[in-house]
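In what follows, a single structure is set out as structure tokens and then discussed.
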Amino acid sequence: ADTLHLAVASNFISPIKQLAQDYEEETGQKIQLSFGSSGKLFAQIQHGAPYDIFLSADVAKPQALIQSQFALADSIVTYAKGQLALWSVTPLGSDIKISLQNSNRIAIANPKLAPYGKAAQESLQALSLWNTVEQKLVQGENIGQTYQFVYSQNADIGFVAYSQVLAGKVKGNTIKIPSELHSDINQAGVILSHSKNVELSRAFMAFLMRPDTQAKITQFGYAAPNS
Amino acid sequence: MTPADDKKALHIQITQPASKQSHFSLDINLQLPSTGVTALFGPSGSGKTTILRHIAGLEVSNSSHIRLDDTIWQNSQTSLPPHKRPIGFVFQDANLFEHLTAEGNLRFAMKRAKKDQSVISYHDVIRLMDIDSILAQYPAQLSGGERQRVAIARALLIQPKLLLMDEPLAALDETLKQDILPYLEKLCRRANIPIIYVSHSLDEVIRLADHMVVLDKGRVVEEGDIHTLLGKLGTSFSRYQDASVVVVGTVTRHSPEWGLSWLTIGNQAIAFKQGNEALGEPVRLRIQSRDVSITLDKQDGSSILNRLTAVVDDIERDPKDPSQTMVRLMIDNTAILAKITAFSAHQLALQKGQSVIVQIKSVAVLS
Amino acid sequence: MHLTSEDIDAIWLTLKLASLVTFLLIIISTPLAWWLARTQSWLKGPINAIVAMPLVLPPTVLGFYLLLFLSPQGAIGSIMSNMGLPPLPFSFTGLVIASMLYSLPFVVQPIQNAFLAIGKGPLEAAATLRSSPLNRFFYVAIPLARPGYISAAILGFAHTVGEFGVVLMIGGNIASETRVISIQIYDHVEALEYGQAHTLSLLMVAFAFIVLAFLYGVQKHQKSKAVSGGLL
Amino acid sequence: MHLTSEDIDAIWLTLKLASLVTFLLIIISTPLAWWLARTQSWLKGPINAIVAMPLVLPPTVLGFYLLLFLSPQGAIGSIMSNMGLPPLPFSFTGLVIASMLYSLPFVVQPIQNAFLAIGKGPLEAAATLRSSPLNRFFYVAIPLARPGYISAAILGFAHTVGEFGVVLMIGGNIASETRVISIQIYDHVEALEYGQAHTLSLLMVAFAFIVLAFLYGVQKHQKSKAVSGGLL
Amino acid sequence: MTPADDKKALHIQITQPASKQSHFSLDINLQLPSTGVTALFGPSGSGKTTILRHIAGLEVSNSSHIRLDDTIWQNSQTSLPPHKRPIGFVFQDANLFEHLTAEGNLRFAMKRAKKDQSVISYHDVIRLMDIDSILAQYPAQLSGGERQRVAIARALLIQPKLLLMDEPLAALDETLKQDILPYLEKLCRRANIPIIYVSHSLDEVIRLADHMVVLDKGRVVEEGDIHTLLGKLGTSFSRYQDASVVVVGTVTRHSPEWGLSWLTIGNQAIAFKQGNEALGEPVRLRIQSRDVSITLDKQDGSSILNRLTAVVDDIERDPKDPSQTMVRLMIDNTAILAKITAFSAHQLALQKGQSVIVQIKSVAVLS
């Protein structure tokens, strides 16, 4: 059988590795994974990258691909919904505001590039903290770097993906950010128009959206898409 | 461009104007014999090295014309690249390949030599240059003279048709020079390889050269056959301490006991140190003007063996050193120069046409 | 230390890429460096600057532009596809070309300087020994430029091994084809598999150390001929 | 062409960073290259290899390790914080140090080769002219190594300008402090603001071209003295 | 280590064993006068350059001992670095700074010269070396001889206390040599700068040197005062073509008309080309053995001015060239060598103790 080639946003590396393995065991279908930031993958797809499926970290990029007819309009799905968390390796109070005010450096993902960064910015604004903490912010280009800033304790606190906290060895202390403080971190996937394996891709998308799969995804620290 | 009357010759006409980089200009036009040794002689900076570089094609000026026998090396249309000119070049500063041992340097030449015209053997050259023990050393590990000897060997092993040598023996001691010079000369005569030889040492030049070019500031000051040139009074180098003449004749007598031979000029004989020449063979002798003295009558009981009758042909007091006078004397048709003090010339009241005795203290065999 | 089969694939791929790129770069750079070292043309300055140009763009951005040019819609890619050639992006060949572009200055510069340092003496001597321009280039210029070649190989190899942004962009992170070790480590870091990342990084550093120490060993041996012990 | 004020900040920052890094690297590399070119010590090979080592790690990974070492808990960072020094990550100073580490080999190697090419002749001559080791280093070795210095400046400058991964990691993308132009362009590309990316890239390439062409101009001038016109 | 009996001297003891890199070993122990010129003479590869390098501190062996006057430059404990040794070094291959013009090279030396002991002026040196017109050129644009002249000027302008010269004149023509040599000599005598002078040319050596060391394969073969050494039969270089003696005396007569002066030995006089010496001033003359002939009685009517009575002191037939015989003659206490053919010696039936006339054709003034 032909190999199915998935381009996956970096923040979804851990879940997709597990899911791809499950899927291969289940169907015998070979799956190949390529990772990168959503922006890079987007540029690559526009220039003929040989992927069948694109699992982005946001909704905008898959939609843009549909617009420019690089992706099949009917294939878009929201496969996961990110859960933002405030994380620190050192002890952390339970109050978001106080914790933020007591910190010296706060890591967030670049709001311009990463959905988690945008969500973090919205949350800070909702808490009316943006102006007070702006000077303390350090930005990672993506959520992975943001995690590293906190992990290495160069930032004492940071907005990371809850999935990262679960995946990482160092558990530290976490406060989940209420989803009301920011717009949804919806991660959408599409099947690419030039794929020669559209049927196989649809089958995988179906697998991805199956309730048991979705349940597995939440175990990795994502919120259920329709919660 | 002068017309080439003689096809068997080395014709060199070089015009290199002064440039903004260099105030030095070169303008020479030479017709050199295509056999034997031509000496380039002249003060430091007179253009000797530059001429050799033009002949080798390392310097190119398209207003120049260079031709060996009937092959044009350089004219306004063509310029034979250096590697196609069948030359051997001994550079003033050795210029060995630093990444190769002495032996590697020699092999570099041997690999590229035309096989069909091998007249110079590796072993002869090694032995002559006395470089057997240093073949494994890199140039950086050689002494100045050793480097120069390897460079000479390398230039010979390319089996050249024209050998260009830029002060090849300057870094060598007398003994080595005296071993190498005669060999070089014989070799090139035998193989018919003409040599253009740059040297500061008139001694070397006289020993080796048949033809001579005296340069100054990029211009030819004197040029010609060495016999003629050396016998001529008033040329720029007859005033050198070493001004000499060359006498050609055949060996007419040997005395193995005393290690002497005699050459006959007219009805008189000159004794010289015996060489390898057999009776009846031609021989060239060099007589330095400083070794010649003049007496009015034949005196016996002197250690000076050679006392010949001669006629005073010309007398010139040295304009640069007025204590000296140069006298040209004729023994039959052979000119001999005597350098004596002006005071002696006055005391002896020497006159043109006067018959005197020339005493020749010492005579060097050239070939 | 345990390596996944993906890690091992990536190691082999990296070795293949870096060796091939270094080899090709040295071949390409040799005439280029020679020309740059010898020419009096006014083009010399600009061409020298152009060679260094890929350096000033961030690797991913360079990769992005390469993608633009080499994609079947791009300026070069469209010509290639008209000629029936397969597209370069997302292929090992594309990776090789992109890496060469990016590492070119590190290979050209040392060789060029080494050629300059030779001076004209040895080449003139060779010319008078019936050595044609090509012959003296190979038998005199190149051997004498050896320290430059070693530097070039070291910088070119190391830089290609560590190179990442361009490769990621143009290569597309495809296992066994374009996923070199630097991307693999990056992926491990992104996936928070720090243990794996440490292992691979350590391995890479150790391996590179051995390769480089070997190259320097060669260089050292060469020098001891030219420069004698002395006090300086 | 229109540039945001952020772009302009980034340009200035980049210029400052690249000039400073190049300057500091040349100062640091000079004694290091000298030592490496002259020593007979067995340490020479390993140290040479260590200098090149940062190259073989992907820049972001190198940045990650730098973060680990320099953090207040890290091996070096803890020492620094005990000495009362401010932490290096997310500061301009940190950026300078990280860039220096990463560009070091490109500066050391050309200078080292240039020192090697001098040979012992001129230094010995200087020694006999009452020139102390330091004096002959400054008045003989460095002037004669000029082509190497120019190469070093070109490679060091260009590489620092384009350098990206390490800067991204250690700098934390703080406007006017650590957001250099390469990050700015990268952000534009990632944010799909391709028009802005093109403008900035073009600007950067044009600027770098001018700087490099100038540097090569200096080099050219120097050479015309040593190598005369000749046929070779 | 030999005890230093004389504090005012240059003591050089160098031991450099053969190594795996070089089969060459050096083992010498010399006590040289701290004034005047010492010549290092010997075949190519005999270690002359290596000795100069040791003296300059460019080569270091801690089993060596080098001391100038009462300053130790090298022993097993200390090694004065080269830049602290007050020397001037003229390298065999010029070794100019390629990045500086000729003038830049000179200024490099002048800037570093000890100001308080400036005895050598810039303008004198420029004029003497005749390098005024090339000061703006880079070394790559100079001819071989021009480079060498700049190198000599540079070594002089550092105002050395000891001058080391490695074949400094090898690339120069006779005329330049004759301009430079006397100047060098006077300069160093006046400034009391000892010179160690490597040369292949016995001519140069004799002209310049007071003391002489003959080397072979890293060992000293002959050593001593040049008068003694030159007058001694059977030393390795009395058989050189140029074997000579040096005669010292005072000027006793002038003849400006003929450009001659006379020096008196005992009750006889020797005429020589007039120099700058005033009446009563000391003068050194060089008499080459080849310029001396022997007659049994005083003969008039000869161009040879100098005819002196002498006694045969020793006779030796040259073992390498049996056609030649070297005769030592004493004029009072002054030894003179005459090189004559063995045949003449036989004909004249020369005997030790015999009284003869020596004819001296030409005399060179040394200082």
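By written order: A, B, C, D and E. Residues from 1 in each chain.
Please note the rule applied: contacts are C-beta pairs under 8 Å (C-beta built on N, C-alpha and C of every residue); 3 or more make two chains touch, one makes a residue touch a chain.
Every value quoted in this text rests on a predicted model; they were computed, and no experiment measured them.
Note on connectivity: the fewest chain-to-chain touch steps from subunit A to subunit D number 1.
With steps allowed only between chains in touch, the distance from subunit A over to subunit B comes to 2. Chain centres were defined as the mean of their Cα atoms; on that basis the chain farthest from subunit D turns out to be B. Using the mean of the Cα atoms as each chain's centre, the chain most removed from subunit E is A.
In terms of their C-alpha centroids, the spacing between subunit C and subunit E amounts to 59 Å.
Centre to centre, using the average C-alpha position, subunit A and subunit E are separated by 90 Å.
Between subunit A and subunit C the centroid-to-centroid distance comes to 35 Å (mean Cα coordinates, whole Å).
Remark: subunit D and subunit E have CA centroids separated by 56 Å (rounded to whole angstrom). Touching two or more other chains at once are residues 21, 57-58, 81-82, 93, 141 of subunit B. Residues of subunit C in contact with two or more other chains: 60, 64, 124, 127, 133, 189, 226-228, 230-231.
Looking at subunit A, one finds that residues 40, 43, 148 touch two or more other chains.
On the subunit C side of its complex with subunit A, the touching residues are 60, 64, 67-68, 71-74, 87, 89-90, 168-169, 172-175, 179, 187, 189-192, 194-195. Those residues of subunit A that touch subunit D in the complex are listed here as 37, 39-40, 42-43, 61, 64, 105, 107, 110, 112-113, 137-141, 145, 148-149, 152-155.
Put simply, subunit E touches subunit B in their complex at residues 21-23, 42-45, 48-49, 92-93, 133-134, 137, 141, 143-146, 148-149, 166-167, 170-176, 200-202, 240-242, 255, 258-260, 271, 273-274, 290-291, 293-297, 299, 301-305, 321-324, 338-346, 348, 359, 361-362. For subunit C in complex with subunit B, the touching residues are 121-122, 124-133, 135-136, 139-140, 143-144, 146, 225-228. Taken together, the subunit A residues at the contact with subunit C in this complex read 5, 7, 10-11, 13-14, 17, 32-36, 40, 43-44, 47-51, 142, 144, 147-148, 151, 164, 167-169.
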